[in-house]
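In the two assemblies presented below, chain A is common to both, partnered first by chain B and then by chain C.
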Partner chain A sequence: MDLNSLTIHELQEKIRAGEATATDIVRDVFTRIDAVEQDVHAYISLMKDDAFVEASRADADIRAGNLRPLTGIPVALKDILCTKGFRTTCGSHILHNFVPPYNATVVEKLKEAGAVFVGKTNMDEFAMGSSTETSYYGITRNPWDLERIPGGSSGGSAAAVAADECIASIGSDTGGSIRQPAALCGIVGMKPTYGRVSRFGLIAFASSLDQIGPFTKDVTDCAITMNVIAGYDSRESTSVPMDVPDYCKYLSRGIGGWTVGIPKEYFIEGIDPEIMASMKKAIGIIEGLGAKCIEISLPHTEYCLAVYYIIAPAEASSNLARYDGVKYGFRSQDGRELLEMYKKTRSAGFGPEVKRRIMIGTYALSSGYYDAYYKKASQVRALIKRDFEEAFKRCDAIMTPTTPTPAFKIGEKTDDPLQMYLSDIFTISTNLAGIPGISVPCGFTGDGLPMGVQFLTGHFEEGKLIQIASAYEKSASIEKSRPGL
Partner chain B sequence: MEYEPVIGLEVHAQLLTDAKIFCSCSTRFGAEPNSHTCPICMGMPGVLPVLNRKVVEYTMKMALATHCRINGACNFARKNYFYPDLPKGYQISQYADPLSEHGYVEIEINGGKKRIGITRIHMEEDAGKLLHDEHNPLSYVDLNRTGVPLIEIVSEPDMRSAEEAAAYLRRLHEILVYLEICDGNMEEGSFRCDANVSLRPKGEETFGTRAELKNMNSFRNVQRALEYEIKRQQYILEGGQVVVQETRLWDDSQGVTHSMRGKEEAHDYRYFPDPDLVPIMIGDTWIEEVGKSLPELPLEKRERLIIEYEISPYDAGVLTSSRALADYFEEVARLSGKPKIAGNWVMGDVLRFLNEDKRDIKNCPILPGSLAEMILLIEGGAISGKMAKEIIEDMYKTGKEPREIIETKGLVQITDEEALKKAIEEVLAANPAQVEQYRGGREKLFGYFVGQVMKETKGKANPALVNELLKKMLAAS
Partner chain C sequence: MKITKDEVEHVAHLARLDFTEEEKEKFTSQLNDILMYVDTLNRIDTSGVEPMSHAIALHNAFRDDCVGESLDSGLSLANAPDARGPFFRVPRVIES
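This part shows the complex of A and B:
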């Protein structure tokens, strides 16, 4: 059996039973990478040598009986997370040679938990995109259909898990960048509450929306990984000093007596009929678990996309100002004076989608436009947040499709940014409200493309999120087929 | 037409915290370039700022000392612009919601008092420094100063002359140094000032077009630059032309201002609330706590000294020019019980010695107790004022106690009446002609006799006693 196709909890059993070593697992992962990576291209860089060194250390720990939560588990990191001494590109040419002198807090926590890092995964440049097609380092393909995109921006992290090129991975979600690729690749992906997982060392796209979360093969692995990465960090001002519960305790509690809200605004024209059908089926499963599904309203839903595409680019335009060629990263050698150096560096260093968003954001913050755009968007954002607060007075969780369509073809939407932006229509509101969300596989289309259902709960209710996702996963018993690579 | 200048000042003061505002790097001045830096103040990808609480506390001190209202909630905003000394491409500052607003300070001008309004006091981070190679077209970036905490104090356009502006600036400087939240060093840039100045016909309500002046690194330069700029604008207006809104740099060596950039080149800083920092909530308890920790401020101290020690307003001004000097004076006054005399010694000899050596009162070799003792020795008649002048110089040079110096130098005053009578008799005997003249009505000669007696006694005679005895002995016969 290929160890790389197993889950964290399955591997932990094997390790405990002495049936597998960390080295065995890492070897199987890299064998798989050697076999499929040229087709999938989930990674920007691999950490093969280090991984085997870490695996042998993990094996020493295993022999000594020192088992930590992720001892010997191969984990991939989105290349947006700073890794000390290891190149971190954020999918951009402008950081092609950037080697951080520090680890992201999440990277530290995973290390302490015994995880073995496989490599840095591909992503849309600066996490700006929904298909992983804007990466400077080439596109990533969907393991279920190599002609299709894996979703984005954390497409590499999703594809790596789906293709068994790692056991679990870490991504970041600013408007759906974990949940959308998780749905399109047929795996589990969670965006925790804003402030739950430290952003320190996460290269910022939109600071008030960015949140780190896990990609896993099932909900149990999601709970295990969340136990490791969640928690207060004094290095981040927006980190929330709250205790983290043991998420594994929520895994088999059931949802009898729960009320689950189905927002009517999410069943819009343009949803793929197969997604629509899978949602109906999922509602049936939830009701079968003893929960009541009710129609709810999130009245400001129609403004989410507009609000997001003002706030996120505005913050990005400022966050990306530091890439000026002065201190690190790419610098154009053609500039004869300062302004020219700036212009040439940024013109050559950033791709078109990043430039588009910097320009939108710069415009939205400009004097004379600030009130009409950024300020207004912030006010509407407060209303969107209130929609959810009102909704959670009536229900325990909210359920929606994760995406309006299954994975689309490579190149299909690259020339039409608006169509591309629409692929995040169901996931963006979560980030604006700061609440947690999870995407869980809910079946396949007739063409064999995975689909996902999204659950949402109130702030810091990741436990309840795992509870409903786990109950659904067990009851839905989606066939555990693997992509036929 | 008579024109009236309208002046407003923006002051930046570096706070004396040990650590920078958003990271734990040292704020110490003068270290090796880029040695006080970390990924946070260097603006590396993915790092985040965490506010140093001391910065809020220090800013609150200045706000309270200048009668500002402290806002219950304030936040940080990003000021976006590109420059190599600004590694993030934005400066974290405060914009729409500053820590404090609506205050004032009082200045003394033409013998009267005037209130200068303070629009706001807010917190921000300092930028780094560029060092330009003199021989090559190269510039180097030193980020040691990046992230050093600053407060910006913005005045209302309440000043009407360069002199008023200088007085306001001195007042702010004095308060900051009194509060011990800024070292006030203008040369090292811990206290910096930009000025907005415009002219309008006297009696007119609306403001004229203003110029912003930069690069004035001393009180004197601020006053000179403003005086120059007022004249320049007056010349333009009198010539029937219009003043252009622009930023101008003061050139110290030429004594003129030069245009740096015009209105159309002005930056659009695209301020917006910094999403990496949370709003700062300041409750009344915290404000009260900080209020209680404030020292007595210069103006209050001045007024108290005038009443308590019956000294002149001028003397009080000199003695309170720094907190340490005032403390020194009060200690001498208390120990000697002679505040006026104490004041004269402190302002006279002590300050003269210190100024000559460019030494701070905190490092004065004469301890307040020693000076008080010397004053008591004079009062008790053990030494004369003239002897004291010599003694205090030795005290300053050696740090020794007055008694010790008196003993080693044999400087004890002659208070023995018999000995003095003998000396006077000798003087009178040696100057019969003068005695004759004095007794004949030339009373001016009295001083001559005193001088002769002092000479005879090598200055050790108690002058009061000499006066008394001389009068008696000259009247006799």
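This part shows the complex of A and C:
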């Protein structure tokens, strides 16, 4: 059996039983990368040499009986996370030569837990996109159908796990960038509560929405990874000083007696009939587990996308002002004086989607328009959060489809930004409200494309999220098939 | 039209971006589409609603003022496109 196709917990058993070494696992991962990476292109850069060095260190730890939560487990990192001494591009030309002088907190935590880093994964430029087509470093293809997108913006992280080019990976989610690609690639992806995982060393896109989370092959691996990355960080002022429970304890608790809310506003026109059918099936499974499904209302759902497309670009236009060709990254050599240098650097360094969002954000924040756009959006955002607070008075968790359609074709939506934005319609509200969400596989379409179901809970209730996701996963017993690469 | 080509030029200057004529046309039309869509927010009465700036109620995060590790200037300048001594070097700001 190829070790790279196993889960974290399966590999841990093999390591404990002496049936596999970290070096064996890392070798199988890189053999797989050699075989399929040219088709999938999940990675921007690989850390092969370092990975084998780290694997032999992990093997020494294993021999010494010093097993940490992720000892010897190959993990991939979205190229938005700073890695000390290793190029971090954020999918952009403007950071093509940026070598961070420090590690993101999440990278430090994974390292301390014994993880072996495989490489930095491809992503939409500055995480702005839903298809991983805006990367400066080329597109990533969906392992289930190479003519289709893997989702985005963390498409490389999702495709790497789905294609068994790593065991687990880390992504970031500003409007669905973990859950949407997880659904489209047939794996598990979680966006934790805002403030649960430190964003120190995460290259900022929209600071009030960004959150880091894991991609894994099953819910158990999600709990294991969350145990490692969650927690307060004094270097990140929005991380919340709250104890982190052992998420693995929630895995086998069941959901008997729970009430699960199904928001009526999520069953819109334009939703794919096969996704609709899979949701009906999922509701049956949840009820079969002893939970009651009730219809709930999130009345401001239809406004989420409009709110997001003011708030995210506004914050991005401010965050991306730092790329000026002075401190790091690309500088145009054409500018003879400072202002000209700024403009030429930024115009040549950013791609079209990033420029489009900087323009929207700058416009929305500019003199005379602030109240009409940013203030208005922030007020509606408060109403969206209130919708969830009201809903959670009536239910323990909310269940929705993760995406309105399965993976679309490469190039299908690149010329129509609004159509592209609509693919995040079910995931964006979570970021606006700051609550956690998880996408779990719920089957395949007739064409063999994966679909996902999304569960949501209240702030800092990742434990309950893992509880319902795990119960669903066990009961749904979705076929553990592998993409036919 | 929500936004004209002149405004696009003004916003581009504020954002320190340059566009070709063709890009300006394309952006004007795409930004108009997006702003028209965003206008749906005006259907909601938000009078008296406090704008929300963060997902979690946050208060000022204070810590003790003690000396910690920080980057030295060599490492801080290592990524600079142009540096001289302990400084970032940029093209001239003032016309000679």
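Rule of thumb we're sticking to: the second predicted complex is superposed on the first by the 485 of 485 C-alpha atoms of A that agree within 3 Å, B and C clash if a C-alpha of one lies under 4 Å from a C-alpha of the other, contacts with A are read in each partner's own complex, and residues count from 1 in each chain.
Quick note on the criterion: a contact is a pair of C-beta atoms (placed from the backbone, for glycine too) under 8 Å apart; a residue touches a chain by one contact, two chains touch by 3 or more.
On a predicted model such as this, the values are computed, not experimentally measured, just so you know.
Participant: For A:310, decide between first (touching chain B), second (touching chain C), both and neither.
Facilitator: second
Participant: Who does A:252 touch here: chain B (first), chain C (second), both, or neither?
Facilitator: It touches nothing on chain B or chain C.
Participant: In the three-chain superposition, say which chain, chain B or chain C, touches more residues of chain A.
Facilitator: C
Participant: Once chain A of both complexes is superposed, is A:238 in touch with chain B (first), chain C (second), both, or neither?
Facilitator: both
Participant: Per the contact definition in the header, classify A:366: touching chain B only (first), chain C only (second), both, or neither.
Facilitator: both
Participant: Tell me the contact category for A:82 with respect to chain B and chain C: first, second, both or neither.
Facilitator: In the superposition, A:82 contacts chain B only.
Participant: Touching A:419, do we find chain B (first), chain C (second), both, or neither?
Facilitator: Neither: A:419 stays clear of chain B and chain C.
Participant: Should A:358 be classified as contacting the first partner (chain B), the second (chain C), both, or neither?
Facilitator: A:358: touches chain C, not chain B.
Participant: Go through chain A and flag every residue that touches chain B in one model and chain C in the other.
Facilitator: The overlap between the chain B and chain C interfaces on chain A comprises residues 98, 101-102, 208, 234, 237-238, 317, 321, 324, 326-328, 338, 342, 362, 366.
Participant: Name, in rising order, each residue of chain C that touches chain A in their complex.
Facilitator: It comes out as residues 3, 7-8, 11-12, 14-19, 27, 30-31, 33-35, 37-42, 44, 46, 49-56, 58, 61, 63, 71, 75-76, 78-82, 88, 90-93, 95.
Participant: Give the list of chain A residues in touch with chain B in this complex.
Facilitator: Those residues of chain A that touch chain B are 80-82, 88, 90, 95, 98, 100-102, 104, 199-204, 206-208, 234-238, 314-315, 317-318, 320-324, 326-328, 338, 342, 362, 365-367, 370, 374.
Participant: Under the stated contact criterion, what part of chain B meets chain A in this complex?
Facilitator: 39, 42-51, 78, 80, 82, 84, 87-90, 141, 268, 270-272, 275-278
Participant: In their complex, what parts of chain A are in touch with chain C?
Facilitator: Of all residues in chain A, those touching chain C are 97-99, 101-102, 193-195, 208-209, 234, 237-238, 240, 300, 302-303, 305-307, 309-310, 317, 321, 324-331, 335-344, 346-347, 350, 355-356, 358-360, 362-363, 366, 373, 375-383, 385, 417-418, 431-435, 459.
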